[in-house]
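Per-chain residue numbering starts at 1, and chain names A, B, C and D are given in the order in which the chains are listed.
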Amino acid sequence: MSFPLLTATAALPAIGAIVTAAVPAAQRTAAKWLALFFSLGTLVLAGIVFVRFEPGGDRYQLTESHAWIADFGVRYELGVDGIGVALLALTALLIPFVILAGWHDADPLETKSSRWRPTQGFFALILMVEAMVILSFEATDVFLFYILFEAMLIPMYFLIGGFGDRAHAGTDENAAAQRSYAAVKFLLYNLAGGLIMLAAVIGLYVVAGSFSLSEIAEARANGSLEMASSTERWLFLGFFFAFAVKAPLWPLHTWLPNAMGEATTPVAVLITAVVDKVGTFAMLRFCLQLFPEASKWATPVILVLALISIIYGALLAVGQRDIKRLIAYASISHFGFIVLGIFAMTSQGQSGATLYMVNHGLSTAALMLVAGFLITRRGSRLIADYGGVQKVAPVLAGTFLIGGLATLSLPGLAPFVSEFLVLVGAFSAYPVVGVIATLGIVLAALYVLVLYQRTMTGPVGEKIGGMPDLRVRELAVALPLIAVLIFLGVFPKPLTEVVNPAVQHTMQDVQKKDPQPEVEAAK
Amino acid sequence: MTSGLAAAATLTSTGEAVQFWLLGTVAVVGALATVLMKKAVHSALSLAGTMIVLAVFYLANGAYFLGIVQVVVYTGAIMMLFLFVVMLVGVTAADSLKETLKGQRWLAAACGLGFGILLIAGIGQASLSSFNGLGAANARHGGNVEGLANLIFTKYVFAFEITGALLITATVGAMLLTHRERTERAKSQREMSQERVRSSHLPPLPAPGVYARHNAVDIAGLLPDGTPSELTVMQTLRRRGQIRDVSDESLADLKALEQRSGERLGRDRADDGLAKNDSAGKDLAEDGEEVAK
Amino acid sequence: MNPVNYLYLAALLFTIGASGVLIRRNAIVVFMCIELMLNACNLTLVAFSRMHGNLDGQIIAFFTMVVAAAEVVVGLAIIVSLFRSRHSASVDDASLMKL
Amino acid sequence: MENLIALLVAAPLLGAAVLLCGGRRLDRAGHWIGTLFAAASFVVGVVLFVDMLGRGADDRTLHQKLFSWIPVEGFQADVAFQLDQLSMTFVLLITGVGTLIHIYSIGYMEHDERRRRFFGYLNLFLAAMLILVIADNYLLLYVGWEGVGLASYLLIGFWQHKPSAATAAKKAFLVNRVGDMGLSIAIMLMFTTFGTFAFGPAFEATGDTSEGKLTAIGLMLLLAACGKSAQVPLQSWLGDAMEGPTPVSALIHAATMVTAGVYLIVRSGAIFNAAPDAQLVVVIVGAVTLLFGAIVGCAKDDIKKALAGSTMSQIGYMILAAGLGPIGYVFAIMHLVTHGFFKAGLFLGAGSVMHGMNDEVDMRKYGGLRKFMPVTFVTFGLGYLAIIGFPGLSGFFSKDMIIEAAFAKGGTEGWILGCVTLLGAAITAFYMTRVMLLTFFGEKRWQPDAEGHEPHPHESPKSMTIPMIVLAFGSVFAGGFFSIGDRFMHWLEPVTGHDHGHAPVSATTVTAATMVVLVIGVAIAWTMYGRKPVPVVAPRGSLLTRAARRDLLQDDFNHVVLVRGGEHLTRSLVYVDHTLVDGVVNGTAASMGGLSGRLRKLQNGYARSYAVSMFGGAAVLIAATLLMRAV
């Protein structure tokens, strides 16, 4: 048997989490370095996966399969398709930056007792999340995926509730209350989604007699597994609801601004750039593959929800006073685009959606982490507390601007590619939807530029004067992300090559063909 | 006994009927008294009465063994145990029958009534018009006791053994529950005497009833000024709050004495002093009540 | 007389006992009421035993007595120790079960 | 030779990268590096131009494919360039004027501590603009399109510490985004209609396409052009964009970027030719803007804003010409080029004036500057003569052609358009004369500023005057050079095609009419501003004047409807999100909590109370049993 590469990519951060957690209280710095090294190791493994993956080969590659709970036919089945590989790479790429950016975020404020070890816990939890997210991108067994989907909530809950943003307006108690509110809200929303999904998972098992994605998909494809359309729809809705909460889609989005606002910025990035991607990823992998007919049935409603998300998220972002909440609402808008791309059911739309997941992860990470550096300096999340930062910290302002431009999908930066593909994909299938979604790009410009204008330009604000520019550690976070953003904006081919075949498979699953151009249709 | 053996039809003898109606009334009254009597002792005694009646009913129903057991074990042992505990806890501590839980009494009454009606309706519905009587069953092994013994040691032997184990366990459990672990070393006699010398009461505590007109243990002795001293009452009774206060009686007596002597001496001005004394007495009585509570 | 009357009597006693449990606050009296209920049950069993013409009902009544004895022993022990710690035998004083 | 094309873009891009990433150590040499890269690009452009001249008219288009950009099933976008005569014209204009303005900026920005970054942004702009004009497909064009938007944003807001500059920059970007939306929808439409958005295949496919689709594409392209070229209704950003440093106004907001809309329409000629309805709208937009800009230009006291109005108006001419179809394409581009020269010259002159006047922009506080700044006066004057169409100068030729072409459109339409363009010419003469008179003639009207500094008007350094002189040279001779022997027409004809149309009046008549309106305009301006002294504080003015000062109330409209409305919308949405969307969920949670709180009260801890429920439960069970038996 060959080396279980996929297991290794998930196991390494998990081991890292245990090792980091076990570091003694005094060796705080050692814990940080350990976490960083483990995340870099994971990145190397993910790189190997990316290289070993053959775009033209089988649908699922590097597969592993072991019996797990034999009585229910639950298997430990792993395998990646192009979409999985892309997201795997994104996760592995982002975590080192998240760790670097959060280097001091979990330092104990004062040494309460020698046994108090928040730092170790913080980094261990981050690595734990990484392990689970990576494994969920690899799981091809529905039950295994479900377990990971839910288990992820545990470390996330502690990350949100246990390590708050130190820059808050109110008193400590007030902040703690808001933080625990945010954490509980996050947990309850996702748990509610997850429980409904559990019902659907069980229902699927009852109907299909198996949890294996490939088996069920194959059975569906060759007609040996007939599903009544009402059954299929209910199961689809069960799955979709959970993913829509996670993604988050309007109107299930309200947990995200709270969670992102109250969590530390690295954790906020973790939420929106990594964990939430599991939701949209699962829509592509599970909803479309397992329930193609129901997916098509639900498409009109979902497209409308996605459109509302796009416009609504953007408008709300414009109205925010808190930097992090603004970015959170911007993310909601972007998730709307992703869902739009997935359910447009065209090659361009789905490729675009997959790229969008990756690019949104990168761009939000860049914007949010730099915003985090800014917030740490001033100790406030309110936009009104800033002004003229550009004058005192030009590099910070510059990187912030680039992050912002990526968020508004400026051509030349990676998100443009994906956003345009999504729009084209949506437009070619549903022109009106495409046109309305295009409004989103104007609104994106509005919230990004308003944010930039109010924080970075104008006269130098109060308490901004002595603000230091980015330090080496912070540059080590911002610059590579920007470099990747530019690279993928100019040359996204390595990604599209990997993603395209997977998208074609999905298109076959749902039995959809791209609409023909009018000219060729006329011929 | 012959009537019992013969009673294989639908009706019993008239004698039994008379017995039933007479004793049944007693049983119900006893049960009601158990529930309604203010003092636990009275409840216990009423319950004992009901149980004896039931024993008679058992006998009448041909359950001779059980009838005897009922008298010996239930009435004799269990009820006495109850009485012991009542004594331990305090005979006089009467329950106030005032309900503290809102709506509890109404709910209880409604439930009881509904339950009773339903139960009786249920029994009425059941087709129980004929019955076999125990004659044959008792006779099979040569009597009721033998019949029971046969069953207990054959068919129900395991249940029997297990109940034995249960009884042992219950005994141990009761010991465990009532046993109080000594948390500190017992004081030696020497230490106790030293302690006594150091305390403010070197001489023996005053005996109850000193300067009083009672010699009951639960009545505080009066000090020379007529006020009761709790020190004269046993510590246990003090803790339980079972001190009877008779100071008001003695004060009333004093008052009567004063009045009489006043009348005799023709003093009018004594009213003031009397009034004063009266109020003082009332205050004292109230204090005593509060202490009792 | 129809022996069913024994059943009616038992039902009546049982109901009285049950109401007593609900109404009284003194734990000892509550206990007595429970005993009353058990006795009512025993009477039923004995009556049924006679109706069916076999002794099994009496056996069960016998067991009930034994169990009742054990229960009384333990229950009274609990009351005694409760009284020791609280100086009260009221069941309402022990209301720690909420929340 | 094809391989050189990428170099055109690469040079300024590299310059931008070096300057922006180089850090402070490049501060002292930054402007030279920037200028060098711009000049390098110009040199490459000239080399390519010479090469192109050396080939036959039909063999002049070069292609270079660099790499496949976004390869997705059915959607193939390449990074590929196409250099034909039209692109070449723009390349030379952009790199040429760009280089001159780089040189000018060395002097103009001398005292600015962030000069290195300014040059970085300028280089970035050049690169983006070059991508725009040499892209061989619409998606890559879109990259350049947004790229120049970004550069424009950065440069307008260059003095970010001024809130007005930051706001203007944001406004420019946003309004442009609305236009960009049009372009992206147009690209999507092309993709769904033609299956491609590369120029060549797309234009070939126009023949097989329904006119409706083409009209839609055309209108969307027009929307894009309106945004970028500041045409009504998306013109509002251009006036505010004057917050940027003057070289920026000259390069981006006069000579090159704002003309990208014209390029787009001319480039998409094949589509517009097949969609007459779209063309009609183009012409209307051009005509309206032409007058709009001109009227606004008449009322502004800020020299740069007056020139901005003029720019708008002149681009209106170009758009109008482009909307005329093959009759006008060539003239649109020709006017674009000459306008690039004289308007850049005018802006540089204005910058020079401001440079000497402590950055004062109010023309009412100038006056009589011709004595203090002779070189500026002469170059500005030549630009002025060129723009009003003084015979023999550039503007005369190019504008005259457009007016002729407007008449040549034929029918009522032609007459209306012709008259509008003539009217525009008259107003142009008026407001430019006004600018000229207010600035250089009359009494000096400047006063000490708030801190008591008396301005000392002086001539600008050589680095600034030389570009002005070069541009003035262009303003004078370019038109003649292009027109004599229809050189420019023959140069562009292979790309754009040309049609003479049916002029209802002869060219001579048109020229004569132009002359007449020109004289009328100048004369009115002279009577108003030349003969009597100009008040320093602007008089109240007529209703029209006041409206024109406020950009004909278009900004107010935007403010009330879009800004205020938007603010209310977002605020109410924030409220809705908090109370309604979140409230539904929180409400569910709260009601559950309330319910369980109430249920919890049943759980009072009293054993007797529990006993009641048990007893009641038993009763219910019996009842149920009896009931079941009864049933």
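Methods note: contacts are C-beta pairs under 8 Å (C-beta built on N, C-alpha and C of every residue); 3 or more make two chains touch, one makes a residue touch a chain.
Nothing here was measured: the structure is a model prediction, and the numbers come from that model.
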- [ ] Could you run down the chains that neighbour chain A and chain C together?
- [x] D
Task: Pair with more cross-chain C-beta pairs in contact, given B-C and B-D - done: B-C
Task: Chain centre separation (chain B, chain C; CA means) in Å - done: 16
Task: For chain B paired with chain D, centre-to-centre distance based on mean C-alpha positions, whole Å - done: 102
Open item on the list: Using Cα averages as centroids, what's the distance between chain A and chain B in whole Å?
Closed with: 73
- [ ] Take the average of all CA coordinates in chain C, do the same for chain D, and state the distance between these two points in whole angstrom.
- [x] 96
- [ ] Specify, in ascending order, the residues of chain B that touch 2 or more different other chains.
- [x] 101, 104, 107-108, 111-112, 115, 119
- [ ] List, in ascending order, every residue of chain D touching at least 2 other chains.
- [x] 604, 606, 608, 612, 615
Task: Sites on chain A at which at least two other chains make contact - done: none
TODO: Enumerate the contact residues on chain B facing chain D in the complex.
DONE: 101, 104, 107-108, 111-112, 114-115, 118-119, 121-122, 125
Task: For the chain D and chain C complex, residues of the former touching the latter - done: 600, 603-608, 610-612, 615
Open item on the list: Quick check: in the complex, which residue numbers of chain D touch chain A?
Closed with: 20, 67-75, 79, 139, 142-143, 145-147, 150, 153, 157, 160-163, 165-167, 169-170, 173-174, 177-178, 180-181, 184-185, 187-189, 191-196, 205, 208-210, 213, 566, 569-571, 573-574, 577, 581-582, 584-585, 589
- [ ] Within their complex, state which residues of chain C touch chain D.
- [x] 18, 21-23, 25, 91-92, 94-99
TODO: Within their complex, state which residues of chain C touch chain B.
DONE: 1-9, 11-20, 22-26, 28-29, 31-33, 35-36, 39, 42-43, 46-47, 49-56, 58-59, 61-63, 65-74, 76-81, 83-84, 87, 89-90, 92
